[in-house]
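Once you scroll down, you'll see the structures, which are given as structure tokens.
Heads up, the next two complexes both have chain A, just with different partners, chain B and then chain C.
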Partner chain A sequence: MLESTETNSEPFILLELAGTTYGVRSRFVQQMEMIEKITSVPNAAPSVEGVVLARGQVIPAVNLRVRFGFERIPFDLRSRLVVIKNGKRTIGLIVDTAREFINLSLGAIEPPPDAIRGLSGKYLEGIATIDGRIILVLNLDEVIELDTQINEDGAGVIA
Partner chain B sequence: MAVPSPKQTDIIAATGLDRLRDQVQQVTAGVDEITRVANEVHEGTDAQTRSLDIAVSVANEMSASMDNTTTQSSSIAASAEELASSVNETGASIQQISVSADSLASAVNEMAASMEETSRSIESVTGTAHEMATSAEEVTSAMHEVAASIKSVSQDTEALTSSVNETAASMEEVARSIEGLSGNADQLNVAAEETASSINEMAASIEEVSAMSQNLATSVEEIASSIEEMARSVQGVAQNTEKVTEAAAGASVSANEMDRSLRSVAGMTSRAEEIATRLTREAEEGGAAAQKTIQGFGRVRGSMEQSAVVIREMGKRSGEISGIVNTINIIAERTNMLSLNASIEAARAGDAGRGFAVVAEEIRNLADRSAQATADISAIINGLQEVVQEAVAAANEGVRVAEESGRMAEEGSSGLQKMLTGIGETAQIVRQINRATEEQLTAAANVVTAIETTASQTKQISTAVVEQSKGAQEIVKATAHIRKTAKEISQANLEQSRGAREIVKTAKSTTVVANQLRKATGEQSIAANQIATTIESMRRGAVTTSRALEEQAIAGEQVSKEAERLARQISGVTRAMSEQARAASEVASATQSIRQQSAQIAKAVGEQGRAMSNMTVATNNVSKEITFVARSNRDHLNGAQQIQQMLKEIREITERNARGVRQTLTGSSGLRENALQVGTVIEELSQSANDNETKLTGSGQRNNGRSRRPRNGSKKLDGDHVRVFSDETSESQKE
Partner chain C sequence: MSQIDPENHRDFFAQFLDDYYAESDEHLTLVRRGLLLLENQLNEPGVPRTLLDELFRSFHTLKGISGMVGLVEAEQLSHHMESYLRLLQLGEVPLSSEGVEVLIAGTTMLEKVIAARRNDESIPRINEVLTRLEAFETASPLVERSVDDQVVQTAGTVEAKDDQSRQWRFVFTPSVALSEEGTNVNKVRSRLLEVGEILRSTPMVEKQGEISFEFVVATTAGASIFDTWALGNLSYAPLAEEVRTSEYPTALAATPETTEPSKASLPASATAMLASAGVVRVDLERLDDLMRMIGDLVSSRSRLEENLKNARLRMPTDDWRRLQETSSAMARQLHNLREGVIRVRLVQIGEIFERMRFVVRDLARESSKQVRLEISGEETEIDKFLVERMMDPLLHLVRNAVSHGVETPDERRAQNKPPAGLLSLSARTSGESILIEIADDGRGIDVDRVKGDAVAKGLIAAHALFDSEALLEILCAPGFSTRLKADRESGRGVGMDVVAKAVTELGGRLSLSTTPNQGTSFLIELPLTLAIAEALIATVGGQRFAIPQSAVREVIEVQPATVKVLENNEIISYRDSVLPLVRLARLFDLGEKRDGPFHVFVIGSGQNALGIAVDRIVGQREIVVRGIGDPLVQVPGIAGATELGDEQVVLILDVGGVRRLAEA
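Up next is the complex of A and B:
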């Protein structure tokens, strides 16, 4: 299911976070929710806000801003919980907003430049440009993976 | 001394007698003193009575003389009154004289006129007489030849007779006239004396006139100076009048200008009245409008408050809208999310979900547009709410301003009300001014006419004043002349006065001469009588001769004689006529001089009358004063009579005093007798005491045989004392 039968374009959900647009493959997005009630959980990582109940499913909600090292902002109407399902894992990513659904040509996605390969590059699959907009395409495996490896938090990034 | 008690009694009686004797002696001495004093008083009263008699007699004399004086002064008063009345009568008679002198003058005038007529007729008679004379001469020459011889004798005799007759007649006339002259001389003498006295009076009146004319001269000086001043002031008046004329002309011009300006003022005031009326109306309208404005401001405030409420309501509503918009926003967001979810599901569905994906896309677009719209609405509503806040603030401000405006409008209204009353007063004043201006207009018209009249009158006055000035100059000249004349009159009066004194002298000498003349005429009269006697005898002779000649000439020379007589008579008539004519002319001239003299007399009589009136006044004053004197004399007399009365009373009192003194004397002499009798009694007592003593001692001493009868209650006396007393009594009796 991960490889699209489509010729060379794939639908993407565009997220907004701290003024930057990120692209997430639509096939990994199960659903999207308004942020209503987050039940906080003890001893969670700083980026984990808590758990939410979505479509009968309790899923963790990760504040992507905290995850990416940006400052927290209060939630509002535009804040979204993007529910990602990768394999067996389901996780909710709290972003500033997510409002667009586009078909992105795969050819337009280029690998991230060497200069930002390191930690940041691990989360990024590539950078696409469309109509002059720069869209950072997220490597969801890494994002989710990192998310699961709670204790590797900072060390993993350095290594 | 066997019995001592009677001795003691004697001693006591002797002591009492001694004391009694002393007292009697004192009484006697006092009585003597009284007698002496009474005598002196009597003498004094006698002397006083005598002097009072003298005083009374003197007072009587004085009273009598006062009486005399009073009667004399009364008679003087009476005579002064008589004098005054006689002076008045004299004055009246002098006035009558004056009147009669005037009538005399007129009669003399008439006489002169008739005399002139007589003279003229005499001249005409003389002319006819001349003619008659010529014809008579012709007759006479014819008759001369007829009776030549007779005529020669007859003529002579006739002439003689007639001349004797004429001489006798004329002599008689001379005698008569001499007698008349004598009478006249007497009268002349009297008249000369009267004239002398009246000339004296005249001289006095001339002196007065002289003084008066000097006063006149001084007053003429004053008048002259005041007339000169008047002339100067008249000239000043003339100059002033010219100025007044100019001023009147100027006033006329300015009055006309004033009239014009008053007319324009009247027009302006009537316009002002109209304007004031209109202004009043407009101010009333403005007042009403201000009232309406005030009400409008009230309404504005109300509506402002309402609008503030409304705006607040609107703000509230916009809040509600904002909520709704929020809801819409939520819906839009959710729609967007759901459309994204749908798109994800459609993508999952593959080709089957391709249509759905499109729908989801459209839904998402709509949701985005909705969100956009709600964002816009939110922005609008936020702006709207700001505006609402501002509007509410503005509405509150508007309410405040409306309140202030209402207050100010009320103030304006009250000011307008004041303005209204002021305008009403102004209108009234303007109406009054209008009325006053109309009155002023009529008054100004009157003023203009009056000023014109004044101007014309002033011109007339100017000319009159110029004439006056001329006249005043002439008056000044005339006054100078009068002044000169007055001086001359004064001088002449002084000379007259001197002349009058000389006339007085002359009149006196005239009186002397008149006396001489009287004497001389008396002598002449005697001589004339003698001549008349002589002439009478001559006439008798001549008559005898004439009778003889007449008898001779009767027959032949009747005609001749007649002719002769005719001719002679005619010539005599002619002569007499010419003499008459001459006499008539002389009479005329004499009448003329009489006329002048009578005029002078009239003048003098007038002066006499004036003098007489002065004298009357003086006499009246004298009479008054004499009356005063008589009255005060009477008062004096009354005083004197009172004095006399008082003197009489004093005299009576003195007489009474004298009577009292006499009574005193009588009483004192009686007292003296009594004292003597007392002395005698005492002596007898003393005697009897001695007798008693003698009986007691046995050696009786009857040396006093004068004591005859002892009195009742007589006391026994001590012999020594009695002896002493009797000695003293005898001494006092000797006294």
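Up next is the complex of A and C:
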């Protein structure tokens, strides 16, 4: 096991989605909230549940399950809206739950194997294994990109 | 300084560039006005000295700031125009119409160069204009003697300045940390200007991608003065003698940027006014932030109002009334606060009207027409945000008026009109709106021909009623042009469709009136402010929507039995005519209401009237308009969002977009 030191590790927030753990660099995460009061937006992409108000700003709420091609499930008390700020865009990601926080040694992140490139592999920056637990590190640029809705049945809805 | 985060560094430079664009805009405005005045002075004896001084100063500043951002072409152009003006100031060459012409050509090119840099486009070639400019300067090369003359003329004292002044080379490397302390390039520059004259300023990119600025300064001050400044990252050294003969003539020593005490008596110039201490240049984004915060306050207060309403029965009446009074007072104060911030954002519309003078002059000359431009209401104040977005539409309407509206002098004489066409630009406020009118006294729009073209293109039915609203709609249809061959003016830039789009996007209206042989007038009506609007609140399938009040003509209640189905369309009778209906529930795929009366709001008029059916209109109120910034949720038919006090986002309908969706 690699020892993580101050300089080459970074805090990550762990998201649970359909039984899998994903990691997002915590510097991209603005806040995490319970899911409430989403306003649906007509004719938006299927993964876009709607818009919510976050710190006075109207932002899209993207259902990450739908985005990654998993089955849609009703929101419950564990569901979370993870608000990420990437460059100029602020977007809410709806996940099954998000409770954990870990320091991940950057050396522990390896590129995703070719075998999972197909499905959600496109959205991955790498994979880390910590104490036998697999963490998929999200590539946020791809997750919020408009053109990469390969898994959504409504792909191409957005002009 | 290698610890500079490259990202911050880029932001830093972008900020610096923004300042450059703002400052060059200000000076270009002054220059344009000055040159037109100069042109009018051509036939008068004696050119006013103050005018030449102001132009000289503006070009001098443009040269300096262009050098600082490394825009060589702009620097060169300004340099040559500055030199020519110097000759005019000294009376070494007489002012000629060719001279003014070449200055105008140079300024137009200068604008293009700066605009190209701003838009990240390739910089236009300036060689031809430069050659023309050079021809005017070589008439009499600058001689050292003229420096002393200049000092005598402007200051009244003879000072052998050049004997005492030395040239120094300063290098300043900005950093984010320094900038936070208030030390930035502009501060360094103004410090240097306090002690001497900046002969040259150049940005340099160093190995790690850092940017530094080199200034060559002529000053009588010594190192002991610079030492006391304590400006971090500023180094200096005396300049070697041979550099003195740089391409920039040192004869510019007596410019307004030197601030020797004796120069204080210079006439107050417009340039000095722009930089005066009482004026602060504020980034529009900061005002937007303030506006947003006020918006939040307005939302909080509506929440308070809501809670008060709910608490009414559970509170002693006296207590409740006192709270209610406080809440009302807050509402008034908020209103005043909002007005105050809006006033800060206002600029006079005259600035863009002045630019039109230039355009009109050029166009008239090219098309051998005579045009008299009348401007009124230039002091009308308009939101800075609106001004920037109205520039292109106005430009297009003015071009249209000159190229299509105004006739040639011969044609006009045949109509018993004065040979010069009249184009008037006016602005005024009316209630919560600003009205901008662009009117010409030309031939008017050939309505029959437009209608013929529209029928031929299948845009309208041959028997359709063709009023001015329908005419405007046709003119603004994308790709519609009344000219078979797009000519130079209408072929470039924006078309009428873009004009209409810009106006509606800003929540405004465009209207038109035209009379054969008497002229055409376009009226643009814009809201005074953008951030807060009156809206109707409607429910559709359980979801609330806000509809801008300004777009709605009327709200009617409809009984389901009165709706007639015609092929795939639903219509109802309305004011002796029929009104097509669009059901928002179907358009937006929301649950549909099955029975009982429903509400319809009417948009457009005459042939364009359309009824948009919702379940119910539940209220009318002031809303804070928030933009929907992310492309994931920018959809047709939705213009923005608001919140009504319960933290739930409510979408604002884009009425024009709903119409287009329905017709698609």
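In this text, the second predicted complex is superposed on the first by the 137 of 159 C-alpha atoms of A that agree within 3 Å, B and C clash if a C-alpha of one lies under 4 Å from a C-alpha of the other, contacts with A are read in each partner's own complex, and residues count from 1 in each chain.
Simple rule for what comes next: a contact is a pair of C-beta atoms (placed from the backbone, for glycine too) under 8 Å apart; a residue touches a chain by one contact, two chains touch by 3 or more.
This one's a predicted model, so the numbers in the text were calculated from it and none came from an experiment.
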Exercise. So, on chain A, is it clash or fit between chain B and chain C?
Worked result: fit
For this session: Check whether A:Pro60 is in contact with chain B, with chain C, with both or with neither, and answer first, second, both or neither.
Result: second
Problem set entry | Which of chain B and chain C A:Arg27 touches, first, second, both or neither | first
For this session: Give one of first, second, both or neither to describe whether A:Ser9 is in contact with chain B, with chain C, with both, or with none.
Result: neither
Exercise. Is A:Arg99 in contact with chain B, with chain C, with both, or with neither (first, second, both, neither)?
Worked result: first
For this session: Quick one: classify A:Arg89 as touching chain B (first), chain C (second), both or neither.
Result: second
Exercise. Which partner, chain B or chain C, is in contact with more residues of chain A?
Worked result: C
Problem set entry | Which of chain B and chain C A:Arg78 touches, first, second, both or neither | first
Seminar exercise, completed: Once both structures are overlaid, the C-alpha centre of chain A sees chain B and chain C separated by an angle, to the nearest 10 degrees, of 130
Exercise. Does chain B (first) or chain C (second) touch A:Asn139, or do both, or does neither?
Worked result: neither
Exercise. On the overlay, how many Å separate the closest CA atoms of chain B and chain C?
Worked result: 16
Exercise. In their complex, what parts of chain C are in touch with chain A?
Worked result: 292, 295-296, 543, 587-590, 626-633, 635-638, 640-641, 643, 646-651
Exercise. Which bits of chain A are touching chain B when the two form their complex?
Worked result: 11, 13, 26-27, 29-34, 77-78, 80, 98-99, 101
Exercise. Touching chain A in the complex: which residues of chain B?
Worked result: 329-330, 333-334, 336-337, 340-341, 343-344, 347-348, 360-361, 364, 368
Seminar exercise, completed: As the complex stands, chain A meets chain C at residues 37, 39-45, 48, 50-53, 56-60, 62, 89-91, 144, 146, 158
